[in-house]
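Chain naming follows the written order as A, B, C, D and E, and within any one chain the residues start at number 1.
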Amino acid sequence: MVNYIGRRLLQLIPVLLGMTFVVFMIIRAIPGDPAQVILGQLASKEAVEALRAKLGLDNPWYIQYFEYLGGLFQGDLGESLRTKQPVAEEVWPYLAATFELAFFAILIAVIIGVNAGIISAWFQNSWFDYTAMVLALVGVSMPIFWLGLMEQWIFAIELGWFPTSGREDVRNPISAQSGFYILDTIMQGRFDQLGQVLRHLVLPGIALATIPMAIIARMTRSSMLEVMRSDYIRTARAKGQKMFWVVYKHALKNAVIPVLTVIGLQMGLLLGGAILTETIFSWPGIGRYVYEAIQFRDYPVIQSGILIIAFIFVMINLIVDILYGLIDPRIKYD
Amino acid sequence: MTEPLLKVEGLKKYFPVRNGLFGKTTGHVKAVDDVSFYVNEGETLGIVGESGCGKSTTGRMLMRLLEPTEGKVTFDGQELTTLSAQEMRKARREIQMVFQDPYASLNPRHTVEKILMEPLIVHNIGDTKSRKKMVKDFLEIVGLSSYHAKRYPHQFSGGQRQRIGIARALMTNPKLIIADEPVSALDVSIQAQVLNLMQKLQRELKLTYIFIAHDLGVVRHISDRVGVMYLGKMVELASSENLYAEPLHPYTKALLSAVPVPDPNFTREEILLEGDIPSPSNPPSGCTFHTRCPFAMEQCKQVVPQLEEVKPGHYVACHLYDADMIDKKIVEGS
Amino acid sequence: MTKRKAVLEVKNLQTSFFTDDGVIPSVDYVDFEVREGEILGIVGESGSGKSVTSLSVMGLIPSPPGKITSGEILYNGTDISKYNDKKMRSIRGNEIAMIFQEPMTSLNPLFTIGSQMKEAVLLHKKGWSKKQAHARSVEMLKLVGLPRAEELMKDYPHQLSGGMRQRVMIAMALVCDPKVLIADEPTTALDVTIQAQILKLMKDLNTRLNTAIILITHDLGVVAETCERVVVMYAGKVVEEGPVEKIFTNPEHPYTKGLLASVPDMRFKKQSLYSIPGNVPKPGSIKEGCRFAARCSEVFGRCTVESPPLYQTAAEHKTRCFLYDTEEVANHDRAIVES
Amino acid sequence: MERETGPWRDAWKNFRKNKIALVGSVIVFFFILLAIFGPWIAPEGINDQKLTERLKSPSSQYWFGTDDFGRDIFSRVILGARISLGVGFFSVIGSVIVGSALGIIAGYYGKWVDTIISRIFDIMLAFPSILLAIAVVSVLGPSLVNALIAIAIINIPNFGRLIRSKVLTVKQEEYITSARAIGMKDFRILISHILPNSLAPVIVAGTLAVASAIIEAAALGFLGLGAQAPAPEWGKMLADARNYLRNAPWTMIFPGVAIMLTVLGFNLMGDGLRDALDPKMKT
Amino acid sequence: ACSSDEQGSEGNNEEGTAEESGEPKVLIFGRGGDSVSLDPIAVTDGESFKVTQNVFETLVNFGEQDTTINPGLAKEWTVSDDGLTYTFMLEEGVKFHDGTDFNAEAVVANFDRWSSGTADKYYYYKSMFGGFGDEEGHVIESVTADDEFTVTFKLKRPQAPFLKNIAMSPFGMGSPTAFEAAGDAFGDEPVGTGPFKFVEWKRNDSITIEKFEDYWQEGFPKLDRVVFRAIPDNSARLNALLTGEIDLADGVNPSDGASIEGDAALQLFERPSMNVGYLGLTNTRPPFDNVLVRQAMNHAIDKQAIVDAFFEGRAEVAVNPMPPSISGYNDQIEGYDYDPERAKELLAEAGLPDGFEMELWAMPVPRPYMPDGMKVAEVMQKNLADVGITAEIVSFEWATYLEKARNGEADAFMLGWTGDNGDADNFLYVLLDGDNIGSNNYTYYDNEELHELLIAAQSEVDENTRNELYMQAQEIIHEDAPWVPLAHSTPLLAGKAELTGFKPHPTGSDKLHTVDFE
């Protein structure tokens, strides 16, 4: 197993290097001069030149790239041009906010999606199946920014069931420790605040969860249908096993493998969708952090933010791969 | 004696097994390991053996659909193993193949006509009109009708597809046909039709066959000579009369005795082999059969037996028939 | 020879598939019985309905689209075809067990052999502890001749060879001492030398445990060697039924005859093989007359319009062919079997 | 057995049987008609500003109401079909062409070519697609064409991988071996066997990709990185309408519904096509 | 909208009862973005000043809702006749939040810190006082502590708006102990003398400040705590106000003004206008190098319609580059009226009877002077089309936009300006003088005559003479038409009805010490 993980990690290296390179090149390609941006509107030409030299922008691109890589290895993600803070330090609360939201969303998506898929497959062609699958199709077709706005309008403004935006009730602020408010409030025993945190999570969580949920439901269904046709399911039934256990024990474990891939891939959608959702719901997460950085051309933040998101995405898929190995004994890890 | 149509010497195919952190080659699957035989013009050589013993690999190497790791294949005086890719493609006009799976070996998106015309186009035989005519002729030769030309493979039954496969192999008027389990996927009643057809064609078109199969009955029926393979090696090769009447190799004996005979009154000598076929990636030392051989001796574990002609036209690779062994046995037996 | 008691009787079974192309009766009024402790062979070419018959018995027809549309399946005299799922579950694995063709895919790849064995035990042995179940599983693995039974319990299916898996399947099927074991082509996917091992094992178990076995196969050799009685199926119908000796030495139905003649025999070389002309019909494609009529060498007028019943041609021997319609036999039989 | 059948015809028969897919096709067809004939159907132009008629609620005159410029939303939604469908089609065609070419090269030549191309795909796929699209648009500057390019770029690896894996599996098929056994040249095998057999999944994936491209274009439009004023791009219309969600919800509802319906149409159709053309392919 | 109001007021009631029971009074102030840093000298963005304005105080203050000069930390001051020496008498007994005493040394320490900076660190210092340390342009020669509570500033040359400059938010007095200890991190843990002290900052989310118990002005602040919450989207922010998640919303869309006024639970605040939104014409790019074309543009655009539609009438059509509230405004000038025919004539005169093609750059972000640049651009596009000019709207993200526009890459670009200190110089010189080409003069407009007037005005100490100079300047500008001035908007804020004492300041940074809940 260790060997297997090691191998997967090694295989990641070119991808990770490639990622840094892509990010690096994109940033270089964005029109505009970082030095000028740092110095602002009034800076003299000389000052800009001086700063360019200081930042190493005069060097050929490959030297810049290797310096950038060197920095990355030492955990140096650069410094925000706007706030002058090291990105590596600044980024954590944003990440935590996004993680919490994404985790909540994927939880909803998985619980509802997987079960809907299972039941649809189990009772294939039933009214439940049809309804669930039509809903799932509508779900995949939903522009999440629109869904988010509609949710906000209906459930926050018109009905007032949930707050319109943000992570917490600022009147009753949470003292952040880990940055995961659910964890923080539980550890502090502040269950009143936990309720608030959950209330704030609902709307953006659903907006973010809709598409993955629909995709997971569809995937689970088709994967289950295939598994249900397999010989070992017949074997389990021939033993006299109850249908419920046949489905939830024998079939699900087999069906979950392709679903896992989808979940891994959906995390990418989720992290990407976070940009939109976080903008709509004023969620102080990494997506908004990057998006605002783009608007202010805060290069180090854009660069590191994109890299971090991609890195997380890659890592999630690595974890998915490892999970395969745990679930499926056929995957060799010697 | 005239020169054989096809001569195979020391043919080997090792598939690398990649593994470990860097995908290094950590071993080899010895799919075919030092096989030699010849085929005379107009005869049928049967090759039998259990699954995974390297029959198909051998067959494919003869046409260089797989590049041999080692060894020499001489066809009609021409050494195929040294031809360039271009020349080899030309040479394939003379050697054709019929495949096992009648469902997979025909492109589902092409009509029968297109499938059958392809070899003609490739080898630049005839013009469109004469090609069409040839297609019709050959359809009739293999027992189909000319109106079948416009249909797609999925509209045919397994037996009919196999006929199409045979027709395709015949289009270029080849000398040698390698048939890799052409009847294994067919029902018994259909199998007989195809076997009869192949025999008829052989008579009429003076074909030479290499007939690969695992059904000993079928092989006996169609072959003039039969080679028995075990774990990548040819263990016995003799005329079919001799081989079935008087098998020499312990494996051949066991194999023959294991075949159920459709006669309830027939009682056979039972030699039940213990255990399974070892993996070709880690074959036993010495004689690869020694792990299951009831007559295994110390020597068998170390020394690889060579295929020797112990009787006229009867070759066997077994230490029991080493010249000195025969003496020894006589000594011990007395 | 005294006739043993029937444990399982299939009467007039019709199982149909309701597909987009219409209703296909894959098993069409099939009758046969399995007697205590015997090995009954069912032979037939692909698509003749062998598997559907056995799945019908087990109540495992995939539904939709399949459904038992008529007939009864009597187990010890009670019709289990009408059982609800719960009652049927107590039969499955416990009274009637089944093993399948593909040992490679019939075991769940994600669970250990042990957990799948124990599951089979615990499903029917109420009140057994895990330990007892474990002991029983190991015992059964040993019984089917598997070495290292204890260690095997911890292995996953992919770590076993095909022959070993088929042994595991047999052990699992026999773990609750079923009265009937249905083996659907248990050796088709195996090599001959392994097939010989498995067949021997099944014969041994049959004599030792007195379990009745339905052995489904398309290999006439296997039937000849293993079974006592045999049912020949063609296109969803039983065409001939009788003791192995009779069928093989003196086949009656033209199909059985043709089939036997078309098998190449390993013992001697036939000059040319007999071959049945034509193709195996698609299920449901023949609506009228004898289903074999189109390929039959002895076909005559009546065959294409009327569907022949099963004629009792001798004690223990039945044939579905008008050639055996001697008036008296026919009259006698029509009362019993009507198709 | 009928005479006139073939894989495509069979697929069409299957497709016709699939009610849901037909609904999808009808929706798609409807929007295609709008895209083509929009200018003749729409009662008003894209940019007929009437600042005195601002934010009128739906009425018999303005079926979908008016926006903050007093423009007829009904007309704009109709005229927007051309943009969304255009972006959808052309970006997908772009990614199919480039992706297929790369995928074929990778799958067919294998070895280091494959390794390099596959790694590039891996790297591109490591970025959440919308993020990559935003980055690309940041480089190129926001405009509809650049959004289209960005979307095409982010979809390249999807098609590339699809084709590559299809090429790899088809390459393993016995009929390819038999083509080689005939003595066929590799390139010909590629053209006459591998490509046609890879076409079905590409059509399916392409249809579904049009759906996601439309959403992505709308998302970019929503973020202000796509179509620019006064283009009636649906995502941009939503972004422009955001301020009026409470006071004039119709400004938000109709463009949103239009996006959803179009995308749903393509998804339904793609699903149906998958069932008809390529039953083995999964979501 | 009605039903949402009910919901909103329900939310409020809950809060209301909580307050009556002696709960701390908390104001949640929703705004468009997060602060960049809380060290006021180190930043340039309004969102940072909104917070620092309440944590720090300046020597002199602007008036409650104007830019007149009032005592701040300095209770009185004297200016020498030559305008070169300023002497300030400081309030006594003022303490920083960390307990450090506020005195003359502290003022000196602050100015020393600032004047030893660099342009990239202390932008506003350079911008207002011309440079650092010994630099040529640096206006301040020295700052010295005469005694504990007297500070003297010596200038190298007279600077007319000097007092207005030091009243600006960037020049809030920080605790020397704190900034010496914290160094660059001062912006994370600001310490001033203001009515509120810094508590917590959740990046991109919220900043919390709380009542400073030892605040020197008795009875202030009224609130116990203020939370600044960043909600980037204007409508989302208003939504949050409606649901009671915030108490006060900055940057309300003009389109929502009417409905807020009609809502009993809410009140609308208008921020006095001190800005100008305009369409800049890059004077060096053809055809805008032709004054006739520029005038034609001015006639072509229907400013009134724009103000009515996208400022919802909450703006004044602009005639001059600065708002009327600033002294020196020339109200004699008649604006170019909306006259497409005249525009066409002018174009024909300029040799472009068939119009021309141009790029129209639209602002990608809302600003107080231009709540929705894109939409205004669309209207202008239409107006221009009506006189035969084909304008393609283009946009970039904000920073690129500014940079490219400053580099003269735009044909015509939308932009605006909010005054820093309410002085005419801060509009006319900064935005239109040749000196500021490459900086805030984005149009590359350069008129020698104008330049001389503006430079003269900078060092003119007499108010009337100075105003006279600015009026002349505006006439020149009007004639040359480097811009199409569009509007002086009145930015809107909305708050709960029970909010009292909130006085929006024209500079955009509001002092909250008088704010209270009823």
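Before moving on, here are some points about what is shown:
Heads up, the rule we're going with is that contacts are C-beta pairs under 8 Å (C-beta built on N, C-alpha and C of every residue); 3 or more make two chains touch, one makes a residue touch a chain.
Only a predicted model underlies this, so the values are computations on that prediction, with no experimental measurement involved.
Steps from subunit C to subunit D, taking the shortest chain of touch contacts, total 2.
With chains reduced to the mean position of their C-alpha atoms, the one farthest from subunit B is E. Chain centres here are Cα averages; for subunit D and subunit E they lie 45 Å apart.
Distance between subunit A and subunit C, defined via averaged C-alpha coordinates, is recorded as 53 Å. Chain centres here are Cα averages; for subunit A and subunit E they lie 38 Å apart.
We define each chain's centre as the mean of its Cα atoms; on that basis subunit B and subunit D are separated by 50 Å. Residue positions of subunit A with contacts to 2 or more other chains are 30-31, 152, 157, 279, 294.
Annotation for subunit E: residues touching 2 or more other chains are 4, 233, 239, 242, 364, 397. In subunit C, no position touches at least two other chains. Residues of subunit E touching subunit A in their complex: 3-4, 7-8, 10-11, 15, 26, 28, 33, 36-37, 42, 44, 119-120, 123, 126-127, 184, 187, 200, 202-206, 208, 227, 229-233, 236, 239-240, 242-243, 245-246, 364-365, 397-400, 402-404, 406, 439-440. Here subunit D touches subunit B in the complex through residues 1, 3, 5-7, 173-175, 177-185, 188, 192-193, 196-197, going by the rule given at the top.
For subunit D in complex with subunit E, the touching residues are 47, 49, 51, 54-55, 68-69, 138, 141-143, 224, 228-230, 240, 242-247. Subunit A makes touch with subunit E in their complex at residues 30-33, 36-44, 47, 51, 82-84, 90, 93-94, 97, 152, 156-160, 163-167, 169-171, 173, 176, 279-282, 284, 288-289, 292, 294-297. Interface residues of subunit B, counted against subunit D in their complex, comprise 60, 63, 65, 88-93, 96-97, 99-101, 104-109, 111, 118-119, 122-123, 150-152, 154-155, 165, 168, 172.
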